[in-house]
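Every chain is named by a letter (A, B, C and D) in the order it is written, and numbering of its residues begins at 1.
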Amino acid sequence: MCRAPIASLDCMEEFSGTGGHLDFGRSISLGSNPALPLRHGSTPTPGLRYKNLGKSGLRISNVGLGTWPVFSPGVSDDQAEAILKLAIESGINLFDISEAHSETEIGKILQRAGWKRTAYVITTKVYWSTKSEERGLSRKHIIECVRASLQRLQLQYIDIVIIHKADPMCPMEVVRAMSYVIQQGWAMYWGTARWSQVEIMEAYTNCRQFNCITPIVEQSEYHMFCREKCELYLPEMYNKIGVGLMAWGPLSMALSDTQNGDKLFLPKGSFKTKSFSWTEDEINRNAALSPQGSWGKDRIDEGRRHCDRLRDLAALAEKLGCSPTQLSIAWSLKHEPVQCLLLGATSAEQLHQSLQSLQLLPRLSSSVMLELERILENKPVRPPMISTLALR
Amino acid sequence: MCRAPIASLDCMEEFSGTGGHLDFGRSISLGSNPALPLRHGSTPTPGLRYKNLGKSGLRISNVGLGTWPVFSPGVSDDQAEAILKLAIESGINLFDISEAHSETEIGKILQRAGWKRTAYVITTKVYWSTKSEERGLSRKHIIECVRASLQRLQLQYIDIVIIHKADPMCPMEVVRAMSYVIQQGWAMYWGTARWSQVEIMEAYTNCRQFNCITPIVEQSEYHMFCREKCELYLPEMYNKIGVGLMAWGPLSMALSDTQNGDKLFLPKGSFKTKSFSWTEDEINRNAALSPQGSWGKDRIDEGRRHCDRLRDLAALAEKLGCSPTQLSIAWSLKHEPVQCLLLGATSAEQLHQSLQSLQLLPRLSSSVMLELERILENKPVRPPMISTLALR
Amino acid sequence: MCRAPIASLDCMEEFSGTGGHLDFGRSISLGSNPALPLRHGSTPTPGLRYKNLGKSGLRISNVGLGTWPVFSPGVSDDQAEAILKLAIESGINLFDISEAHSETEIGKILQRAGWKRTAYVITTKVYWSTKSEERGLSRKHIIECVRASLQRLQLQYIDIVIIHKADPMCPMEVVRAMSYVIQQGWAMYWGTARWSQVEIMEAYTNCRQFNCITPIVEQSEYHMFCREKCELYLPEMYNKIGVGLMAWGPLSMALSDTQNGDKLFLPKGSFKTKSFSWTEDEINRNAALSPQGSWGKDRIDEGRRHCDRLRDLAALAEKLGCSPTQLSIAWSLKHEPVQCLLLGATSAEQLHQSLQSLQLLPRLSSSVMLELERILENKPVRPPMISTLALR
Amino acid sequence: MCRAPIASLDCMEEFSGTGGHLDFGRSISLGSNPALPLRHGSTPTPGLRYKNLGKSGLRISNVGLGTWPVFSPGVSDDQAEAILKLAIESGINLFDISEAHSETEIGKILQRAGWKRTAYVITTKVYWSTKSEERGLSRKHIIECVRASLQRLQLQYIDIVIIHKADPMCPMEVVRAMSYVIQQGWAMYWGTARWSQVEIMEAYTNCRQFNCITPIVEQSEYHMFCREKCELYLPEMYNKIGVGLMAWGPLSMALSDTQNGDKLFLPKGSFKTKSFSWTEDEINRNAALSPQGSWGKDRIDEGRRHCDRLRDLAALAEKLGCSPTQLSIAWSLKHEPVQCLLLGATSAEQLHQSLQSLQLLPRLSSSVMLELERILENKPVRPPMISTLALR
């Protein structure tokens, strides 16, 4: 499939398409003294903004640090600490944690760094699984999890406790337990991750019925190839019940395929969602196996169309003078409902690169955005209402 | 009264009726290291399942350990500890406590064993008595009881505090006090024991009116000869207000007559409910005294019919290749409303035998169950609604 | 005014009118070991009963110890301790405290005696005054008072905190503050003293509106010459909103005039309520001053009628074989709404004498009670409802 | 503009217009022992009264100490301590704090002085700013602020926590957080400062909807030249929802221009509200620049009229035998809605002078007040209701 060139972008003239990657200023001081008072009020990072999360009073930076990659096997303790320091120095005030191991490590870094507790926001998660049969999303499990997290973090309180996945069995128990956790002073707020809008709404209804504290945020996957929930349904949640959106995507989380790098924009294997599991190699390999392979013709065709899109995106990024990853991050932040986009990094340098994306935002004019929609061909629309009247 | 043989049972062919007692595998390792990580997710005991208790999120094993017999006079400290260890290793995650003495003993064992607090669920009870005139079921009494239990158990919290018997005087005070106990973090949940469905419903109504935390479980006697409440009324409680059923019976609690053992299926004396106080000897002795004895002809006849039933049950158990006790346990577990059946034991060996019952369940086909109903002749039915209109 | 003799009392024959004072058995062991386990379940004192206070689950003895006289200037520390020990040994499980000083002293005795905390009920008071201008009945004042009481008592919690007098300014604040005190675990219950039925009702309404914990008791003066509130209005409070009555009277509190003793039944001076401030001497002295004195003829006549009544009561007590004080105590206890009558004492002997009154109760037959009403001439009746319709 | 002389004041004869400044008695003992028991019940300062704050039960003196000037740069530690001691000895029981620095200093003084915690009321503030981008009026911010204040004050609780300015984003979160702060025992009450009546009403509505604790006070600027909100709208808040008024004004806070002193009644520069930023010098300087200066003719004319008013007020004060500042304080206190007027001072002497104003109150007869209104010409009136009907 051939596409029109992006020459029609009217704002492109506004900046010098260097053809190189975006890096404005390189003023980061990786070795600076972390105990120095943080520069409040004046963000050191151009484009970094603070927004109220949901309709709460909590103000967080529009990008947060997703700490999962930070504490992944290949990263040394020193590197991890450098990433957190750069984040804080860059004005990022939110650290999102996804694992017990990261809690322990962040706990140690926070102790060493001596940052004021008021200067950062910690979000961590309560996981549960139907696989592990002994554990439901029970009051017991929630309380035991939160207390264990606090111990690992060596903190008096977590700012936001996120319940990972909803349990249809016990929405009432969850809202009571979360209110308890907040009433105990163990958390300031609570939120959800990977809940459907119906599940969020049910929890909210239970909160109001039992005078419990309502959740303020839904953490959701959001990127160029995963748009429906965040663009169609979460804005409604925000408007109606004040639940904001904290987004993450494989690219912003630095989960891209290291082999292909930014070139092909394709995380491979490391992240197992259906929408993002391909690489060109896989497509070609499967095409070669066809028709004996496990992939049908439709899937191979769709895979090839996807590769075309990725090439177009890479070309557009080049024109804009940034990497595809930077374009991807800026594109996510450009969408109003995203109050905070989690950035991951396995090195301070990588985080620094991601932060440059913030300066791309003014350049994503309406015509650039339109061009992007033309490439992506996946702007979500609500399914039409079917009137039973019309069916007669 | 003569009964048809059970040859018509169609699923009987499915297993080898050995005529011996059920013991599959004997793989228990009584001397294994208790400090080893528990095998979560894969139950070591065939047939052991985890279910949400009531409509709460708390997942418990379908059999729990009733610790009353465990700490009875004849059992040494080592034996008691061995029973608890076998329970945990078998995948049982619920210990039900009925006495202050047991709390102290279990507290010591838990300390020594070092099991993770998340790995087990402790239920204990608040008793009160109209006999002891100074004690009503007061807020003072509940709080003092729970704090004393915590001290004896050396735990930070009890998982479920059970109020033993309802006090018609003060349902509102009880629900407030239980909410307080939970809000203090001293308990995760509360439940009831030996409350009528009306009393449970009234407590629930009070909870909803005052925004208190609702009970999640009723502990109730349930076995082949005590069925009405659990089969007719508690399922309604579960469906309407989410209160689950934790059942115990004299046999599952290892309270059978040691002399007659499993042979005659008759606990004597040790357990004083009307429905279970006979043994064949007693019947015969009373029959011999008749008509001068205290038992009338009707009672003696009913006693003999009961003995016939027990013989039929023993015969059926033999055909199924299990002991009458194992049949009794399996029969209780076969009933949907029973979310957790408490097993008692005075030795690890006895608990092991009881746990074998779980494997009987698939063999209790509908035809076996029908045959059992034919033997028992006591399937409970709701009394017919009497219309005052019809009485005119 | 001359009265008919009480010869018509039909139950008088039932016991030997010894003409002496009531003392059944004298089995009290003032020197017994206080650390001995208390005899629960069997009251050592005939006639002592346990009742639920209000509609709460708290069961208290029908007589409590009012500790104000116990710690009055003339009583040594040893005497005070002896009184408390006798009370506990007699089955009294309620100590009512009215002063900071008494709290400190009782705190010491409780420490020494080592009684189980479950064995007694402590009630103490929050006082406030419009005189002391800086203090209203504020949340601040209530919390500061209760914490100070706990420190003086060396206890973890008070069983019932009593608010002495209502403040029309802030009923809502009071119910919230009392709920807070209870939620903090500083008290189990709260009650009122000297509140009108309208004030109690308003507090109750506020409790229900804001889901606060309702009071369970009103402490009120009640004796032969102060009957209206307790007989006419508090039963309604009990029936409608579960507020019980804890009563005290000058005589039961051992506040009688020591000079005239029990003979004339007249507390002088020590107690300053209008209805109880006379003695015969005062009447005579004032009569002698008449008409120049401050008392008018009506008051002197009423005083003389009162003296006649007292003489009739003393004569009836003699016939019943008890002292006037014992008769007074028994008469108060005879009235259903009195769930607990506070007895004061300045010596163990005096408390022992008062406790004998409990055995009088069966002898206060309906005819004796009628005779008493005939003497008192003050049975309260509700004022007639005035229909504005009838006034037309 | 020429005004009529104030000879028509009919109560002027009631006291000797000495022409000097008011100082009745000078009986203050600046060196007295602060550890002495405070003289409760009898205020040492004539005219000092205790009132319930809002419709709460908290009784506070009608003047409180605003501690901002007390801990300003020019004041030594000893002087500051002397001011607080004089305040307490004068019967003032409220200290209002506006800065972290003052909290630390007051904490030290309270420790040294050893006053009973029941004897004083501490109010302090939660500030937040949209300028400091990371900080909204969040639960996190409120809790962190209050805990930091408690630490600086070395106190277990603050009596009233005041939220400085409303955040339209999160009224619900604020009322929940304040209820939490109170439920934790960190504060007894909460209030607002610089909230509009609509914002107060919305917070109140949220409190009632979610059963949270309502605010009891609004702190507001109030003086002769800033009257509208306090005179027109806050009385309604008091009557409807029980929110009282704690007032401060530049003069009562001792923020007057030190150069011009009391003579011209003009704080210059130090206080930056539009209504109070002039001095005669400035007017003259700007008039000299006219018409090239930044001030238009209207503004210069208004400035001159203001100077005339100030001269008339100074003349009236002289006749009343007091300073203009004392007249200003008395005038504020004369207005019913002011339940507490905050007085500031940079020396004990200055506080003493301000306290003398209390004795002026009886002399502010209705004719004096009328005369004052004639001078001020700014008695606020509600804007007329505009009927859309009339506009047709």
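Keep this in mind: contacts are C-beta pairs under 8 Å (C-beta built on N, C-alpha and C of every residue); 3 or more make two chains touch, one makes a residue touch a chain.
Chains and their UniProt names: A, B, C, D = HL08167p.
In this text the structure is predicted, and so the values were computed from the model without any measurement.
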| item | value |
| --- | --- |
| Starting at chain A, fewest touch steps before arriving at chain C | 2 |
| Copies chain D and chain A - interface residue numbers shared by over half, same or different | different |
| Chain A on chain B, rotation in degrees - Cα superposition, rounded to nearest 5 | 90 |
| Approximate Å spacing (C-alpha centroids) for the pair chain C, chain D | 49 |
| Averaged-CA centre spacing for the pair chain D and chain B, given as whole angstrom | 69 |
| Contacts with two or more other chains, residues of chain D listed in rising order | 183, 211 |
| Arrangement of touching chains [line / ring / star / complete / other] | ring |
| Contact pairs between chains, per stated definition | A-B, A-D, B-C, C-D |
| Residues of chain B that touch chain A when the two form their complex | 40-41, 43, 49-50, 52, 55-59, 61, 93, 117-119, 121, 159, 183, 185, 188-189, 211, 213 |
| Residue ranges of chain A in contact with chain B within the complex | 131-141, 143-144, 167, 169-170, 173-174, 176, 180, 183-184, 210-211 |
